[in-house]
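In the part that follows, the structures are each spelled out as structure tokens.
Shared chain: chain A. Partners: chain B in the first complex, chain C in the second.
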Partner chain A sequence: MDAVIDFIIQIVSPLGITEPVLQFMLVSAILGVSIYLTLYTGMFTLANAGFMAIGAYVGVVLTQELDVSLGVALIIGMVVAAVVALPVGLPVLRLRDIYLAIATIGFGEVVRILALNFDNLVSSILTAMEGERVRFSLLNGARGIKGIEKLTETWMLILFLVVLMFLLMRLHRSRFGRAMAAIRQDERAAANMGINVVYVKNVVFMLSAALAAAAGVFNGHLTRIVTPNAFDFNQAVDILAFAVLGGTSTWIGPIIGGMALAAMPEVLRFLKEYRGVFNGLVLLLVIVYLPGGLINPTGWRRAARSLRERFSRQSQEAAEDAGT
Partner chain B sequence: MLELKGVSRRFGGLQALNSVDLSVPDGATIGLIGPNGAGKTTLINNISGLDHPNSGTIAFNGHYIEKAPPHRISQLGIARTYQNIRLFGEMTTLQNLLVGQHTQGQASLLEAIFFLPRYRREERQLMARAEQLLTRFGLSAVADVQAANLPYGDQRRLEMARALAVNPRLILLDEPTAGMNPTETRELGDQILRLRDDGLAILVIEHDMSLIHQVCDYVYVLNFGQIIAYGTPAEIRENPIVVEAYLGAEEDEVKA
Partner chain C sequence: MDFSLFLQQTINAISLGAIYALFALGYALVFSILGVLNLAHSAIFMWGAFIGLLALDQAGLPVWVGFILAMIGAGLLSVALEYIAFRPLRRRNAARIAQLISSIGAALLLVNIAQLVFQQIYSQTEAYYPRDLSILPFIPTETIIIGDVRIAPIRIVILVVALLLMIALQYLVTRTRTGQQMRAVAFNQRIAGLLGIDVSRVYVITFFLAGALGGAAGMLYGITFLNVSPFIGDNIALVGLTAIVLGGLGTIQGAVLGGFIVAGLQTASIALGGGSYRDAIVFILLFIMLLIRPQGLLGQPENTRA
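This part shows the complex of A and B:
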């Protein structure tokens, strides 16, 4: 396994992709799948950053304070996020489109602010109970948890992603996967086919939350620091951008989108301070000319056709101008 | 089989359904006609659970379903088509029929993921049933075409095939011949007669009286949310109240 990873790094290193960058790309791919699941079911949710925060904090506290192994912390982090997702999803997933997006952004902010004030909150509760001043520090507020052991290895991320890809492939050939697509395309018709829309939506929301949490656990043990502000609105939008760039017509799209957007700042290092501009430009071009994302055969065909038509029209006009 | 008693539905100031009594006996084909805006689609929405009545009861084989969610009603054996076609446009014809059979599957997601025998057996059965429906409705040639790209007539037929895939005991058809020419309408009538031969109960909304004559045992006439007439197709055609509802009447005649 290590030899394979070294080989991959050798190939991509001329692009500026070193092992830490590759690890970050793999984490982003997991996040891409997380938002893909909800989008594929027709739910425009932006709660992924919030669930990522839950995963990161739960995972890091488990490994650093309680000496739990990373594998167990990963599973517990995912389960906690899924359990939190259920009471959030039941009321919120009744909403649609932009309203759902706003409600889930709200959830993300609640998680972030809770993490920010967690120590103070617990201290004041303890103080009220004990009757004397108690100091409690676990998450360290805005300063976050620092000096986390770097436990995440590249092979873990690759293994996780490979298993995830296998599961996605199987999911799409299952009754549940078909129900997800049906709900996206026509929710009411899906319900009339006997699909329990509320059930499917909530299960998908929980799965999506668990994946975001897994990315959070891995990421916390990579960056070695977890702060509340890493999981703000910007992060939620970044995750959405993975799906926008890659497209959601197949599960490959958000994986490629996530990896590309994570790699771009490193690959484009030579552009110096214009990196951000280029990043935005790429996204904008994709949205305008390939609305279905990069991984979308019909979108490419349509773009090629409109380009051809434009050229032939121009040459026609040129010929007419020459004729007159 | 299906029994509506005093079903009323109000949208703000509009009384869309006003104490509707209607019954569909086992194996019968019942027509529902009425001018545009009479409340026909509202009635079907209420039966299929997309909408719920403000008062009244809807009983289906001993279950009260007026408050049930749509997937429960589908599981009890009521399927429907839509006036404005509502296929899963990005799926192929075949996939639409697989989704239609959703409730016939038992295999869990885990069984699907690990490709266990029950999942494989079940997928084979769903495929076989879908193929059967494709042949029956003449859709085999377009099995792998995206539903959104199908010609109009095929889309209409696919909607009916998909409703049948639910394996219902009662099927609600909401203007199945809308936009069809007379030949297509007659062919569709033959399909409806075949459903009836299978022992299905049918409630069909229709404007085309030739189809009503071809397939229906009895007809209800709905106007302004109220049932104004009931009888055999021949009786309904002669009924002056129905003629008035459709063609309108002089003001003094209505009062008289």
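This part shows the complex of A and C:
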């Protein structure tokens, strides 16, 4: 396995991609799949950063305070996120497009603010219960948890992603996967065909939450620091950008999109301070000119055709001008 | 809580609410006419605060000139957004979500450009409005003290300016020919187009007005809180969203009502000692509102077309 990873890094290193960058790219790919699942089902949710925060905090507390192994922490983190997703999803997923987006943005912010004030909250509850002043510190508020052991290895991320890709392939051929696509195309028609829309939507939301949490657990043990403000609205937008850049017509899209956007700052070192500008431009240009994302053959063909038409019209006009 | 403290907090809430309402109006205006949420509005707000600061700080212009410049500048930026981020998508009949995403991209772009400009001018990403600005020469800058209540005159000016702008908008939308056209386009864009209304022009006007209101809110925010950075839009973006959802998406009165409610809640939670949960309370309210009455307090239920 190590030899394979070394080999991969050998290949990509001329681009400026080192092992930490590769790890970050793999985490981003997981996040991309996380939001892809909901988008593929026609739900525009922006709660992924919130679930990532839940995963990161649960995982890090488990391995650092309770000496649980990373694998177990990963599973518990994913389960916790999925369990939180259910009561959130049941009412919220009844909403549609913009309303759903706003509600899930709100959820993400509530998670962030809770993480920020968790210690104070628990302290005051304990104080009220014990009748004396109790100090409680676990998440350390805005300062976050620092000095986390670096437990995530590249092979874990690759293994996770490979298993995930296998499952995605299976999913799309399954009854459940087709139900997801049907709901995206027309929710009412899907319901009339006997698909349990509420069930499918909620299960997808829980799966998406679990994946975001897994990315959170891995990321916490990579960056070695977990702070609430790393999971703000901007993070949610970054995750969305993975899926938008890659395109959501296939599951390969968000994986490529996530990896490309994560690698971009390293590959395009010369852009240093213009990185943010560049990210915004990419998002804008892709959504305007390549609505299906990068991994979308029909989109490319359509873009090429419109470009060709424009050119031929121009040359026609030029010819007419020359004629007159 | 004694009465003078209550009065003081009420005054704070009203002056904050006026800024929120002004900001939320920009969201509501675009939403009511195009049916899309312009998430780049918070970046426009930030640019308004920034342009105002540059006019005062770098060009040394009087406050009211800076204010007008901030409004015009933000309005023009907003029109540029319409051309870059919204028009191409509308022409393709793209989904509303696509327009939401492109506005997020535009927001990212605007915030990062601001960051670069900040670095250039202030060599850091933070700058401050001067304290005790005299808005007009005949208005004193000393704090007015009535009993235990302290009011900075600037707060009154801010409130008056904000209210005047809201009244002007209401007048424009309900009493002028342009406003009539805007309402026609909001009702049905196709029919409005068939009746000879220049729909593109209405959109440009709408974006200009929304941007100008956002810019005005930005500068008033800067004057109130002094601190300006490329990121001041982040927080108010969510506040503004809550305000328009509370009041009813796309209704102008609703945005104003929502802005004041949010400001009242925030001020109350600070006064009662829950300052760190200030935003959580707002979002929980947003959540509940979306679940039980998604059309908002003043909105009509949306007819979903099958």
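Rule of thumb we're sticking to: the second predicted complex is superposed on the first by the 324 of 324 C-alpha atoms of A that agree within 3 Å, B and C clash if a C-alpha of one lies under 4 Å from a C-alpha of the other, contacts with A are read in each partner's own complex, and residues count from 1 in each chain.
Everything below uses one rule, namely that a residue touches a chain if its C-beta (ideal position, glycine included) is under 8 Å from a C-beta of that chain, and two chains touch if they have at least 3 such contacts.
The structure displayed is predicted, hence computed values, not measured ones.
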| item | value |
| --- | --- |
| Chain B versus chain C as contact partner of A:Trp300, first or second or both or neither | neither |
| Which superposed partner A:Leu171 touches (first chain B, second chain C, both, neither) | first |
| Touched partner set for A:Ala189, first chain B, second chain C, both or neither | first |
| Which of chain B and chain C A:Val197 touches, first, second, both or neither | first |
| Chain B versus chain C as contact partner of A:Ala181, first or second or both or neither | first |
| Touched chain A residues, chain B compared with chain C | C |
| Doubly contacted chain A residues - partners chain C and chain B | 188 |
| Partner chain A, residues of chain C touching it in the complex | 36-37, 84-85, 88-89, 92, 94-98, 100-102, 104-113, 115-116, 119, 234, 237-238, 241-242, 245, 249, 276-277, 279-280, 283-284, 286-287, 290-291, 294, 304, 306 |
| Interfacial residue positions of chain A with respect to chain B in the complex | 167, 170-171, 173-179, 181-182, 185-186, 188-198 |
| Touching residues on chain B, where the partner in the complex is chain A | 48-50, 69-71, 74-75, 79-80, 82, 86-91, 95, 98-100, 102-103, 105, 107, 109, 112-115, 119, 123, 162, 166 |
| In the complex, chain A residues that touch chain C | 44, 91-92, 94-99, 101-103, 105-107, 109-110, 113-114, 116-117, 120, 188, 232-234, 237, 240-241, 244, 273-277, 279-284, 287-289, 291 |
